[in-house]
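Next up, some structures in structure tokens.
After this come two complexes, each holding subunit A, first together with subunit B and then together with subunit C.
What follows is the complex of A and B.
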């Protein structure tokens, strides 16, 4: 319950300044550009393929429009996640408000979970802004709502994973830039790591990377292992963050 | 002078960095790489030197309260990591997935499940694909789905550019992907080009089946050469496609050899000269005996054969189908004698179940089913659009439908029929049955004129029309298409032509389970220039603009405060 109060406070804080709004503007605009890109490519392909009935039959909005769009959004998430997470604890350290938080009647778990949920709430709003394009497809065609749902589930889980990792980095340093660079490097590495082992889908590098667990989610197939990967990833970094905060109590 | 202990931490960092680099390098290129060994040496030397030089400070840290608590914390974090990895490994082992798509495109059809579950012995799948190709991913997903229903599928991924010698042995010539399903006894099926579930199901069923089907390809009447894979009009491609599915295809000179009982299906492909009365009788006898005939007959050719098909209830028109469908014009087909059939033109039937794309026929004639025919059950499988008609006088200008003569709108061009009562074919009761009983000498016309080998006078072999010991049996099947071109080398790859031909043969030999459900159709976009621009405006201007207004409003409010 106290975690939710902290989450609400975090979310509210994001919109009391112009920065939160501007982040949404950037997120929405970039998503719009990416959507226009894949949308135009799909429209052109579907026009050209009237001469190739077999290929036209293979062309579907899920695999050939939504999945590439989700893939593009994932890049934005990897870029934006660390930036959103970098201030979660570093800012508190810098402004010396963290001691106040530690002495308040909340547990370490409440603090960590509250801050994470607040950031994730903001991330969910950012993702909602990007949904304008995909939802407009119901006007132009017949997209699969299941693919939309699983795609956004994948993006939310990715956002959660990047935020949890960024929050952990933020908990270790009061320098926001250090937190940003550390978590961004790690997120980017996890994003591109899968490319080294793509010859073998069971290679541990593929298993470790984000991308290998997003491909299926982006086309409407929800795998238990993919969801577990992200949940375990988030859980691990939240726990590591809590341990770090706990260590500050006894220092 | 600077104290050496002031910079000893640098050694520790170098050693640590080398250790991490060695770990990463091992993961990427393996531990055999000499650089890994060099990095490990640097790590050991660096960390060792640091520990040696900075031992007092390290010992002090180790004895501190912070280190004790920190070590406990680190242990807990490591434990949490282990729990996370174990949870993932368990979930991965369970291999549970949910298909959220409304068409269940990531789930095997019932036929796919049955095909996989029906495998009795091990089947090696040699998958020849370029790494990281989209097609490889798709096929990999499908094979994974099959693998969930059978332990007998052993997949080996091969790269045609890396394993050149093996590729040659498997006759893999392209980079577009080849799948070879191979049983231990060597029986195999190949899938090339398109890798949808229907094709994979068919290949699995065929490789698992021990059934052998013999297709007799009639020759001697100017038919397309079954061995010719190069000329546009040849039949080599379609014969290869049949052989790829384990059909035994052999040419049969019906005039000389008759039609023997081993011919499960007789293919009569575009005879340019007519069949003799005796051969026609042999064809009827084949169907009356419960076997099958597949006739592809172009406009104006083989009038006697065309007329005789009426005995089975199939009415072959003496006409040319002209289709002025606007959709065809949009497809770039400006010649109305080319008939392009789309989804709506295919009647519901086992043959058309998996035909999602168009069928392209060359110059076709009408083939209709006679509803009044008792003792047989037929269906007009393919019908043109409403904008077509069957022109009976194509040489007379102006070319337009002759009212009351030409059939106008939705002209049928293919019929499938099952003979329930073989007596309707009149094999035993025909007036010339007595003549048929005696050995006949076919005339040159009967043998197909100049294109057939005419026996020398005095050496005429006994004609083998209705075979001796002919016994009528119900269940004979016949498929008649008013066009050959769709199966020719030139047109076979267009649309679903290849699948139409193979499905017809599969239906004729009663292997309907080789024909999978129709795959979902592609998604089009109902897009205009205005609606596209409107979407761009909303996405790139309106939504970001509204959010920017929120930012401005907040900034102004804060300034007022």
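What follows is the complex of A and C.
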């Protein structure tokens, strides 16, 4: 209950000042560009395949248009997540407003969960803006709504993971730039690692990375292990953040 | 209402607070005095649950601060040294947020009430970041008051305010203590302690060096200059209730040592001898300096 109060304030704070709006505009713009790319590529492919009905049958809106679109958006999520998360705690330490949360009758869990949900709420809005292109497909085609749903589930989970990690970094320092660089490096590493080990999908490094866990979600396969991976990832960083906040009282 | 026993807080090798013992009764207004770095803020932060004590315990209304922080925080309103404000929020929204955090049942009326009490109604719709320091301090106080706490802990509530604002805050605190609120406040302004506190605790280097503020308040020295000094005048002064010593400084100048404010009766007694000047000399300030120098 108190967590929602905190989440609401976070969400509200994201929209005072230009940053929140800029991020939304940025998401909308980039999503538009990406959609244009994948759409053009898809259109070209289908024109080329006019005389090859067998191959044309293999062409699928989900696999060949939405999946690459989601893949492009994932990069933006990894880039934007740390920037959205960096101020969550650092800013409050710097302005000393954190004292209000520390001395109000709220638990550390409420604080951490509230901040996370607030940031995730904003992330959801940013993702909603990107859905304009994919939704327009319904107008002149019949994309699989399941693929759309599972793709956005994947992006939301990825956003949550990056935000949780960024929030944890933010809880450690009152310097937002330090929080940004730390969580951004880690997020990028986790994103790229998976690309190196493509030939051996069972390597633990690949298992640890985001990338491999997104592929299935982006083509409409919701696997328990992938969802569990993200939920556990988020849970771990929420826990680590709570531990850090708790330790502040015992310095 | 508040009971502190053997409270100690160390930061690595530094002892911020060492073996603090004191208690505060319901409705008392207690001033924390001490030089910077004496441990006032640390003590207050421990009471409010922002910081854990290294050893010792503190209870508020019978609830242990460390064991039942939720209960204690509901009872306390706390204004830290730097008011905890979100500059991008509008005053009214911020106070609503604070009220919800503190579990106030009827948020709207509580916020309007506290806005009026602290004198913020005129700026309720403005961004906190655009307010003057005095108003920001008031928003900080409003935040501490919004849930009508039984205990108010204020860390330098009047720092950075102009004299008129100080008086307003002082009046507000006086009203609150009349309404049975227990108040602990820290300050550098000794006149403030004399004006509003029923008791002062002097902390120096993490220890309490004095906790009988009544004596501190009552140790008055009055300096008088009269035109025609004589022995009868000294005798008249010494016969006054509360006066326990008169020093003849020569040239018609005297120092009268007394308990409490005796200026009026001293002046009356001196009138036949041609009183030229009467002023208060020394006060809590001297006591404070003496105490903190002694312990240094």
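Quick note on the criterion: the second predicted complex is superposed on the first by the 251 of 251 C-alpha atoms of A that agree within 3 Å, B and C clash if a C-alpha of one lies under 4 Å from a C-alpha of the other, contacts with A are read in each partner's own complex, and residues count from 1 in each chain.
Here is the rule we use: contacts are C-beta pairs under 8 Å (C-beta built on N, C-alpha and C of every residue); 3 or more make two chains touch, one makes a residue touch a chain.
Since the model is a prediction, treat every value here as computed from it, not as a measurement.
In the superposed model, A:132 lies in contact with subunit B only, and not with subunit C. In the superposition on chain A, contact of A:188 is made with neither subunit B nor subunit C.
Which of subunit B and subunit C touches more residues of subunit A: that partner is B.
Look at A:240: by the touch rule set out above, it reaches subunit B but stays clear of subunit C.
In the superposition on chain A, A:107 makes contact with subunit C only, while subunit B stays out of contact range. Legend: residue contacts after superposition of the two complexes on their common chain; A:178 is shown touching neither subunit B nor subunit C.
By the document's definition of touching, of the two partners only subunit C reaches A:96; subunit B does not. Of the two partner chains placed around the shared chain by superposition, subunit B and subunit C are both touched by A:16. In the superposed pair of complexes, A:2 makes contact with subunit C only, with no contact to subunit B. Looking at the shared chain after the overlay, A:79 reaches neither subunit B nor subunit C. Of the residues of subunit A, those at positions 16-17, 250-251 touch subunit B in one of the two structures and subunit C in the other. For subunit A in complex with subunit B, the residues that touch the partner chain are 15-18, 21-22, 24-25, 28-29, 31-33, 35-36, 39-40, 42-43, 46, 49-51, 53-54, 56-62, 129, 132-133, 136, 139-147, 149-150, 196, 198-199, 201, 204-205, 207, 215-216, 219-225, 227-229, 231-233, 235-236, 239-240, 243-244, 246-247, 250-251. Residues 2, 5-6, 9, 12-13, 16-17, 95-107, 249-251 of subunit A are the ones touching subunit C in the complex.
Subunit C contributes residues 11, 48-52, 69-71, 73-74, 76, 78, 80, 82, 84-89, 93, 97-98, 100-103, 143 to its touches with subunit A in the complex. Chain contact summary for the complex, subunit B toward subunit A: residues 27-28, 66, 69-70, 73, 76-77, 80-81, 83-85, 87-88, 90-92, 94-103, 105-106, 131-132, 137, 140, 157, 194, 196, 330-332, 342, 356-358, 495-496, 519-527, 531-532, 535-536, 538-540, 543-544, 547-548, 550-552, 554-555, 558.
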